[in-house]
Every structure is written in structure tokens, then in C-alpha cells.
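One chain, chain A, appears in both complexes that follow, with chain B as partner in the first and chain C in the second.
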Partner chain A sequence: MKVVGPLIVVVLLAALAWCCTEYLHWYALFGIVIPYVAVVLLIVGLVVRIVRWARSAVPFRIPTTCGQQKSLPWIKQAKLDNPSSKAGVFGRMVLEVLTFRSLFRNNKVEKRDSKLGYTSAKWLFLGALLFHWSMLIIVIRHLRLALEPVPDFLVVLEQADGFLQVGLPLLYISDVLIVVGLVFLLARRLTIKKVRYISLSVDFFPLFLLLGIAISGIVMRYAFRVDIAGVKEVVLGLLTFHPVSPDQLSTILFVHLFLVCVLMVYFPWSKLMHAPGIFMSPTRNLANNSREVRHVNPWNYPVKVHTYAEYQEEYGEKMKSVGLPLDPEVVSTNG
Partner chain B sequence: MTKKWTIGIFIVIVIGIFAVPFLVNAGQPERDPEVSYDTPQINAMEVKQCIEPTEYMKESHMVLLDEWRNSVVRDGNYEYRSQSGQIYEMSLDETCLGCHSNQADFCDKCHEYSSVELYCWQCHGNVDTENPEATIITDDDVLFTEKA
Partner chain C sequence: MAKVPPEKELVSYSLKPDTTAEWMDTPTEFREGMFCHAAKPKDIETVDFPNPHKWSPTDEDWGLPENWKEIILDGMKDRLDKYRSFRLFMDVCVRCGACADKCHFFMGTGDPKNMPVLRAELLRSIYRRYFTTSGKLFGKLVGARDLTEDVLKEWWYYFFQCTECRRCSAFCPYGIDQAEITIMGRELINLLGLNTEWISGPVANCYMKGNHVGLEPQTIVSNIEFLMEDLEDITGKHIEPSFNRKGAEILFVVPSGDYYADPGIYTFMGYLLLFDHLGLDYTLSTYASEGGNFGFFTSNEMAKRLNAKIYAEAKRLGVKWIIGGECGHMWRVMNQYMDTWNGPADFLEVPKSPITGTVFENAASTKMIHITEFTADLIYHNKLKFDKSRNDHLVVTYHDSCNTARAMGLLEEPRYILKNICNNFYEMPEETIREKTLCCGSGSGLNAGEDMELRMRGGFPRAEAVREVRDKYGVNTLTNICAIDRASFPALMDYWVPGVRVAGVHELVANALILDENDDRQLDMRMEELPSAVAKRKAEEAARAAAEAEAARVAEADGEAKEGDAE
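Moving on, here comes the complex of A and B:
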């Protein structure tokens, strides 16, 4: 159920958009109102979640460290894996975000004969890299629908992505790779028993939703064509707040767009928030300089204390008179 | 607690990413590709009609061209029967660009708008406006001979 449920939800959402535009002709709702609402909800949701995170307590340095800490000058520090400076943190963050170094370290436990052993498991890293980079390239390429005149770098990106020159319209490599990546990530959750056991429906839903978006987009490009110039007019209308009627566009576009809107609304309240979240993780964005700098808990309450020295000062005479041992240091400081 | 200004900058960046497409387009008038049909052949037509219905041409002209190309280059078949029963010669240069001879104001205009860079023009199309025949691929230029 945790697998089939999310799949059914995504299929129903796609069917909803299809029926409402193909048969009920609610073009303005699906082409103008819902996209605006989705963008607003996305931005509000992002800000709410970020502010909420920002208010949570990070009193101390808790970076995850994966190498030698900064120490004596003759001990080589792992500057990226155990950064002690802002520059080190920046470098580590950039590499983490662009290349997923922490996934590169993914391990799996294996029983070899009677011994337990750890081996590296790179497939998650490769699948994640494949999906995220394809998605980034696709989203950037989509800007051609939103920018007029189209900047040159987009044309270059399109040419590079389509350089295989297969068929017309040209086959984009990123379209193949995003599906390969997503199918792999899905297969991983389904086939590895331990991963399947810990996967919930909220792990499957984003995968199905993204697959739905990618497949509807791919179908739109290579099978049921849409009038791209017409789509661009509608998108530019939305962006300039002078909406153009989307009535003449094909149904498949509304399915694609509606699934994207669902993603936008869902995004801030889901695990997909790991995208902005990575920048806010104290295990990643702090320098490990606990030995150089004293980090005092900023909201330490000024507790009124009565030290032993003060105690002895107050009762010293009485203690002495009944023969209780006195702390010599305190006595000496007392003179 | 993270410093307030760092979070402020972060939120501004996050919102900024979504604001860019709106800001870039702010205040711009409505823009469409503004293609021109002002060519001698189209002006001479009584019913202004493309090979297939306009809706299909807008969406799928590249699919049609792909079919034509394969049909000509692989099967040596130059005849295309449209839905309306009209026979056309399958030729990008002579048929499409025969009617749409204003390539720059028609194909290129819309492709620029839609960010499509055609590699076809390396060989096809009237690149040389002075001497069009030199660059148009005609039947005389056939590079591939049909199997007997």
C-alpha cells in the first residue's frame, strides 16, 4: 500500500488535470489560477520553513567530521573534511551540493564467510547524481519558455544536450538520464529489502510525482506535440501579470503543468526541503574550531552560585571550632 | 540560533530565484513570434492553407520534416499525400521554402523566439541571398542513388 498508494494518487492527479481541461474546459483554472496559487504557496512555504529552522537552537559546533582536525602544525589537517575556517566550510558545502560527497561514502555491511565486512556502495551516489543533474539541466532549459530574448547560454546548453542529433525534435540526453536516474532510485527502494522496510509512502510519492512530471514532459516533446510558441506566449503572459488565454493549448500541457504545481505546493512540507535544508544543516555549515574558540551557550542563564570557597569563608571559623578539616588552598587565599 | 542577517540573505536568495523570471519580464509588452506570410507564393494563394492543418503545422512540423527526410533519403520516395489529398514534393527547400520563401521572417523568427537552433541550415535553406540556386539542394544534388 505504501508503494501503490502514492502511485494511485499521482495517476489520479494527472487524470484530474486531463479530465478538467479535456472535457470540462477549465483552462483558465489550470493554466492561470492554479499556477499563480502554487507559486505563492511555494514561496510562502519556503520562507515559513526556513524561518522555523532558523529559530531552532544551535548552541554549539556540531559539524560531522570525516578527517583529521586542525591540530599541531606538523599534523596534516583534512581541510575539506574537517574544516576549521569559513573558506573550508564554503568549499565543503559547494562540493557537497554539486557532487554529493557524503553519498560517495555510502557503505553497506556484508557478511563474508563468518566475518562482517563493510564495502562501499556507490550506486546511490550515481543514481542521485544522475537524477539531480538532469533535473537541473532540464529546469534551466525550461527558461527558454520564460525569457525573451532567449540568452545565448541557453541555446548552447540545448545544443550540447541535443548534440546526438537523434530524430526531430532532437532527443535530449538529459531526458533519458532523468528517467534512468528516477527509475533507479525507485528500484533501489523496492528491491533492497532493508531500504524497502524503512521506506514510507512519503518516500515513494515524490519519486512517482517527479516521474509523472518527467514522463508527461517527455511524452509532450516526442509524442503528443504542443505548440511551443503558444506555450511561451502563455508563460510570458503569466510572468507579466497579463495572462493570455491558454484555451488553444493541448491537454497534455495542463497535465504536465498541474503535476508541477502539485510539486510546488508539496515541496515545502516534504522531505524535498533537503534542497534548501542542506545549507542550514549545522552538521555541514559550521567550522570545527571548538578547540580554538570557546563557544559559550548564548542563552546560558546567569545562575546564582555559592562556591565552596565562599561557603568555607562564611562558615570557616565554625568548622574549625568543631574540628572539621578545612581546604588548605581556601584557607591560604583567605590569608 | 543562526545570525539574523545570514538568514535574511538566504531568504532573499531563495525568493530571488523565483523572482528573476518575473523581474526580467516586468513591464514588457505582450510578445509573440510575429511570423510573416508575406511571400509571393502565399500572396498568390486563394485559400491560405499550409500542407496540413495549421494546428498540426504549429505543433508538429518538425515531425513531418523528419518523415520527409527519412522517406527521401532512405526510400527515395519524393511524393507526399496530405490529409486533403493534395500531392506535394517532399522537399524542405522547394516545398516549404517555396511558399515560406521569407525564411528569416518565418522559420528563423519563430525559432529564435522558441530558442531552436536548426542545424539543417548548414546544408538546406537559401543562405546565399545573392545566388539562391547555389545553396538550395535540388534534385541535381542528389547524393544518394536509389537501389535498383
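Moving on, here comes the complex of A and C:
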């Protein structure tokens, strides 16, 4: 149910967009109104969520240290895995966000009778990298639709992405890789028992949704051969708040666009918030320098303690008996 | 102490757990040997915690207050606002499963709820139900569930099957730290008076008497005098450490296990022998007689209340700076919390070694350094002379304690010391040391007697790595810089890897330390003969035996000659 349910929902969403545009001709709704609403909801959602995180305090400096600390000058510090400066933290975050350094550390434990063995496990790292990087390149490529004239770097990126020179229009490598990445991530969730066990419906839904978006985009480009110039006209219209009628666009484009809108609306209220979340993770974005620079807790409050004066009051006689010095300067608050 | 099943039975689990039923539909079974006793009301009362009452984890009725759900949910709300870590870690997990097989409790039990991701979901499912719109609307469909007494019991069972070791956090792509979630979970549990006896007892002791074991000042003094007598028998040096002395340069704080329990006492003798040798101007305190902090396994507020005495005592005595002994979670607290809770320590000075002149800039604010930082600096500057061969009877490996590794990064200092004081040092497999170190299985207040099966299971991955180096290199000594390690490893080694002894780094330092040219001691810190002494004794015995044999031969020859004469 937790697998089939999300799949059905995504199929229904795609069918909805198809029917409403192909048969009911609600072009303005799906081509203008929904995209506007989705973008607004995305932005509002992101702001609400991030502000909510930001309003929670960071009372303690709790980086997870994954290497040698900064201590004596002749001991080599692991500046990226155990940063003590802002530059180090920046480096750690960059590597974490761009190369998934922690996932790269992954290993797999296997048990044979009474022995445990550790083997390398890089598949999750590779699959995740494949998906996220393809996604990033594809999003950047889409800027072509929003920028006139098309900047040079986009042209270069497109040429690089299509360097295999297969088919016409040119096959983008990122198109293939994103599907491979998503299918891999889906397959491991389905086939690795432990991962399937911990998975929720909300883990499958974004995978199916992204697959839907990727596949509708790919068939649009290679099978339906959508009129890119027409699409660009519509997009530029939306961006300049002078919407152009999207009547002429083909149905598959509305399916693609609608699924993207669903993703935008869903994003801020889902686990996909791990993307902005990583930047705010206190175990990764803080320097391990709490002995060098005092970290202040904004809600630090006084607490009840058992003072030395009380201690001496209670144990003074016993202390005297073994020759421990008593402190004449302290006065017990009890006595 | 609970009886632990035989090894064969303990290793019969599978790391491919039965996953046919959904985890939310799998009830929690409280298995004997896998959990600790309930807190006693008097210990809860000592620190004014809520709802002190008599109860047992195996009871149907846990004696919860009428409005317990409200207390828990209000407590969650409060903490979601106070801790970004908590809110973020509730929100951003994608359940990728990278952490699943990184937990020693999962690796040693195969229980799927010990996968860090799932242990976190125990709490996350409640968060979703009461604090997110989708959870309120769609419930189980999006992984949300109602808060019931069974859920609370499940929390209790599994948040006391986590040692807050942070290994999962090292592998998580977002740094989600189960320790943070366990800390929050335990805070919530404590709002209902549901601590364990093994944690709340030491907390009450530490609050009133200054240390976990509840040693009163006169007992601390006499215990240490007793240890100093042993040390005198070994080295011929008479050492009289000072206590509660105003005007000393350094306050020295250790985990209290080092005062009285084998093998921590040998480490303690090591510290004091070193300090005496250096002529260090230091004092111990009977009030600040505990560096460890079981309050940290209860709530942040309790931890702060117990920790306050360190700076308070430093201030009262007018010392300049502080050295801390070999302890794991104590150093998580000193490194990441103390200054924030109870600082600023502006009445102290930046630590400066009086022997080498090294200024410890890395402790410029906290003014407290780790004893291995202090000793490594001495060795680097050639201030100590060692006879490594005095540790030749030991084939040594080193266990990084979780907290000094993953909440500090103190990795090289102890290794540098060890390589300078012994000839036989071997590392355990790479996947089990440094930032990937495996917990002893008894941290965060789980080192009781009644949960021995849990401890043996949780410590199994560590023990397995020790076994590997024992079989490969003949390792017979597991060194560490953690009092809970020293307290819990002996039982773990006896169970899984018999023949391996457990020692603090400064025990071996003291063994090898040459005090002066007349230092020809025959015994190590445990009063066992040193290898040189054994060799000398064996040589003498052999010589004596040879002499006796020679004498016998001569006598026999004489006898024969006489017989011959007689003929």
C-alpha cells in the first residue's frame, strides 16, 4: 500500500492534467493560474519552514567531529572533518553538499556466525550523486526558457550534456542519468529489506513524482517534439506578468508542468526540505572550537545547585577528621 | 546480576531482521537482561524531579500522572523551540538507511528498532501526529501515530538502548544525531519520573556528595592514601597529594571511578606519579570530585547543575586553570557544554604548561585541558624519560571512546603517548577506530548489572575487533581514556575475548616513566613483576639451578670417586 498508493496518486495527477487540457481545454488554469499559485506556495512554504527552524535556538555547539581536533601545533588537524574555523566549516559544508562526503564514508556490516565484517558500500553514494547532479544540471538547462538571449554558459552546458551526439534532438546525458538514478533509488527502497521496512509512503511519493516529471519531460522532447519557441514565449510571459495564451502548447507539456507544480507545492511540507535543512544542521555547520571561543546559549537560565557552602556544612566534621582544610570564608545559605 | 546466555545463543541473531509486519504494529517485548531497574523515589526527590514514585518496567501500570500526555506534548513543544537540532532532525530525515547498520546495538541484536533511523522514528511518528499538518490529516499514511502508554514504554525501552555514541551521526548525510534525539527522549521520560536506578542514583549522589559513587570526603582521602601506599611500595616514592588547597596553580578533576575501582585506580596512580615527578602545583577537590556527569543522561538542566561545581570550586580555590582526567562523556561535556552552561571562566587563565611553557590556545576560553594533551606536550618536548621495555609484557591496542572521538576529535594525543611508552602497539581494523569507533555498549548510564545481556550484545562489535587483533598480534591489553570503558570492558572482555586486560593510558605512562637514575623498580602499577624483573628472576633462578646442578654433579663425582677409592 505504501508503494502502490503514491504511484496511483502520481498517475492520477498526470491523468488529471492530461484530461483537463486535452478534453476540457482548461489551458489558462493549467498554464497560468496553477503555475503562479505553485510558485507562490513554494516561496511562502520555504520561508515559513526555514524561519521556523531559524527561530529554534542553537543552545550548544555540537558538531560531530570526524577527525583530529585542533590542539597542539605539531599534531595535524583534520581541518575539514573537524573544523575549528569558519573557513573549515565552509569547506566541510561545500564537500557535504556537493560531494556527499558523509555518504562516501558509508560501509556495510556483514555477520557470518560470530564474526562481523565491514565492506565498502558506495552504491547509495553513487546513486544519490547521480540523481542530484543530473537534477541540478537539468534545472540549470531549463533556464534557457527564461533567459533571452540565452547566456553562453548555458550553451556550453547543453553542448557538454549532449556531447554523445546521439539522436536528434541531441540526447542529453543528464536525462538518462536522472532516470537511472531515480530508478536505482526506488529499486533499493523496494529490494533492500531493511530500507523497505523503514520506508514510508512519503518516501515513495517524491520518487514517483520525480520520475513522472523526468519521463514526461523526456517524451516531450524526444517523442512529441514540443515547440520550444512556443514554450519559451509562454514562460517569458509568465515571468514578466504578461501571460500569453498557452492554448497552442501540446498536452504532454501540461502534464509535465502540472507535475512540476505539484512538486513545488509539496516540497516545503515534505522531507525534501533536507535540501535547505543540511545548511542548518548543527552537527555539521558549527566549528569545533567551543573550548577556544565561548558559545552562548540564548536561553541559558540559572539553576539550583548544591553549593560548596552547603557541602562544607554537611561534611565539615568529617572533613576535619581527616585534616581537610575548612573554608572560613564561605557561609552556608542554609545556616 | 542477570545471567547472560552462553555465547552461542547470543550470536544466533541475524542482521537481516524479520520485516514482515510493519514496525508500528510490532509490540515491544521487555526482555529480561535488556533493561535497567526503575529509579528509586528518594533519588528523584533529592534533585526535585517530578513524579517520584515506586514502579517497575515490567509493571502494567507505570504510575503515570493523570495528564501525562499533556506533559509529554508540552515538553516536546518546549524543546522544539529550544533546540534547532531537535526540530531539524524531526523534519529532514529521508530514511536513506545509511545509519541502519552503524549502531552497535543493531549490530549486536539484529533488532530493527535499534537501527538509528527507526529509533528516531519512534519519536518522529509522535512529532508528525501532533506537530505537523500532514500528520494530523493523514495519520499512519504519512508515518504518524497516536501517543499511547505503549508508545511511551517503547521509547523507554529503546532510548535506554542507545549510548549516545554519535556513530550514526558521522555517517548521516545531514548529520542527524541519534544522541540528540535520545537526549530529548530521555528528558521527556524524566518529566514523568521514569529514569533508571543506575542513572538517577549516581545523579543524586553526585548532587549531594560531589561524585557518582557517593564517596564522602573522608573516604576519598583514605582511598587515595591507600593507593599512594601501593604506589610507594612500587616506586619507593612517598606521595601526599593535596585536597581542597587554596592557591594551587591547577585543579585536577577526574572521573570518580578512578578513586576506588579496579582498573581505574591504576590510571589514577599513574596521573599522580606523573604530577609528583614533575613537581606540579595542583590540588584535588573532594567537592568537585567528579568529572563525569550522569546528569547528561537525564536532562541538560541536570547536567548543568552537576557541572556547576567545577568552575565554582576552581573559583573558590583560586586556581589558574584545570586539567581533566581520562573520561569519555566527561569530555563531551567539558568540550561542548561546560563553558556555555557555567562560564565564562574569566577568573581563570589560559592553560600554560609550567614545564614546557606551551600555551593551550585551544582551551583559551574554557581553561581546561585533557591530560593526554598535557602529557603529549611533555613527551614532544622531551621532558619525560621512559623505559618502554617496562611495558613489554603488554601487547597493546587502543579504543577511542565515542565522546572523545566524535564530540572532540582527541585521536592522536593518546596514540602519540602510547607509541612513546610501549614497544608493542597495534591498531584495531580501520572501520572500528577513530571517528568510526565502536562503543563499549555500556555508555550513557547503561553500565548496570541487571542489563548485562544488553551490554554484552552492544559491546560485541567492539569485542569482535579486539578479538581480531588478539588473534593476529597477540594483543592482551585494551587501553582507553574513559572511565566507563574501564568499568565495563573487563566484563565484556571476559565474555568475548578472555585474557585481554583493560588499562588507562596513564597506567602505562607510569609503568614506563623513569623517575631518576635510582629507579629500578620491579613491579608495574598492578604490583605484577615487570618483564625486566621477570627476566632477572628467571636468570637468577636458572643460574641458581645451574649452580645446584653443578654442585650435585660435583658431589656425585666425588661420591663416585670415593666409591672407586673404596673399591
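Structure notes:
Please note the rule applied: the second predicted complex is superposed on the first by the 298 of 335 C-alpha atoms of A that agree within 3 Å, B and C clash if a C-alpha of one lies under 4 Å from a C-alpha of the other, contacts with A are read in each partner's own complex, and residues count from 1 in each chain.
By our rule, a residue touches a chain if its C-beta (ideal position, glycine included) is under 8 Å from a C-beta of that chain, and two chains touch if they have at least 3 such contacts.
Predicted, not measured: the structure shown is a model, and the values here were computed from it.
With both structures placed on the common chain, the touch criterion links A:L41 to neither chain B nor chain C. By the touch criterion defined above, A:Y308 lies against chain C but remains apart from chain B after alignment on the C-alpha atoms of chain A.
In the superposed model, A:M280 makes contact with both chain B and chain C. Residue contacts after overlaying the shared chain place A:G67 against chain C, while chain B stays out of touching range. Of the two partner chains placed by superposition, only chain C is touched by A:V322; chain B is not.
When the two structures are aligned on the shared chain, A:G237 is found in touch with chain B, with no touch to chain C. By the touch criterion defined above, A:V9 lies against neither chain B nor chain C after alignment on the C-alpha atoms of chain A. Applying the stated contact rule after C-alpha superposition, one finds that A:R55 touches each of chain B and chain C. In the superposition on chain A, A:V296 makes contact with chain C only, not with chain B.
If you count the residues of chain A touched by chain B and by chain C, you find the higher number for C. Put simply, chain A uses residues 54-58, 280 to touch chain B in one complex and chain C in the other.
Chain B meets chain A in the complex at residues 1-2, 7, 10-11, 14-15, 18, 21-22, 24-28, 30-33, 55, 58-60, 62-63, 65-66, 69, 110, 112-117, 119. Chain contact summary for the complex, chain A toward chain C: residues 5, 49, 52-62, 64-72, 74-76, 78, 81-82, 84, 96, 100, 102-103, 105-111, 113-116, 118, 124, 128, 192-203, 269, 271, 273-274, 277-278, 280-284, 288-297, 299-300, 303-308, 311-312, 314-315, 318-319, 321-325, 327, 330.
Partner chain B is touched in their complex by these residues of chain A: 39, 42-43, 46-47, 50-51, 54-58, 143-144, 146-150, 154-155, 158-159, 165, 167-169, 225-230, 232-233, 236-237, 239-240, 242, 244, 250, 276, 279-280, 298. Here chain C touches chain A in the complex through residues 7, 11, 14-17, 19, 23, 48, 80-88, 91-98, 100-102, 107, 112, 115, 117-118, 121, 132-134, 141-143, 166, 169-177, 180, 207-210, 216-218, 221-222, 243-246, 286-287, 300-301, 304-305, 308-309, 312-313, 316, 334-337, 339-341, 343-344, 358, 360-366, 368, 373, 376-377, 380, 405-413, 416, 429, 431-432, 434-436, 460-461, 464, going by the rule given at the top.
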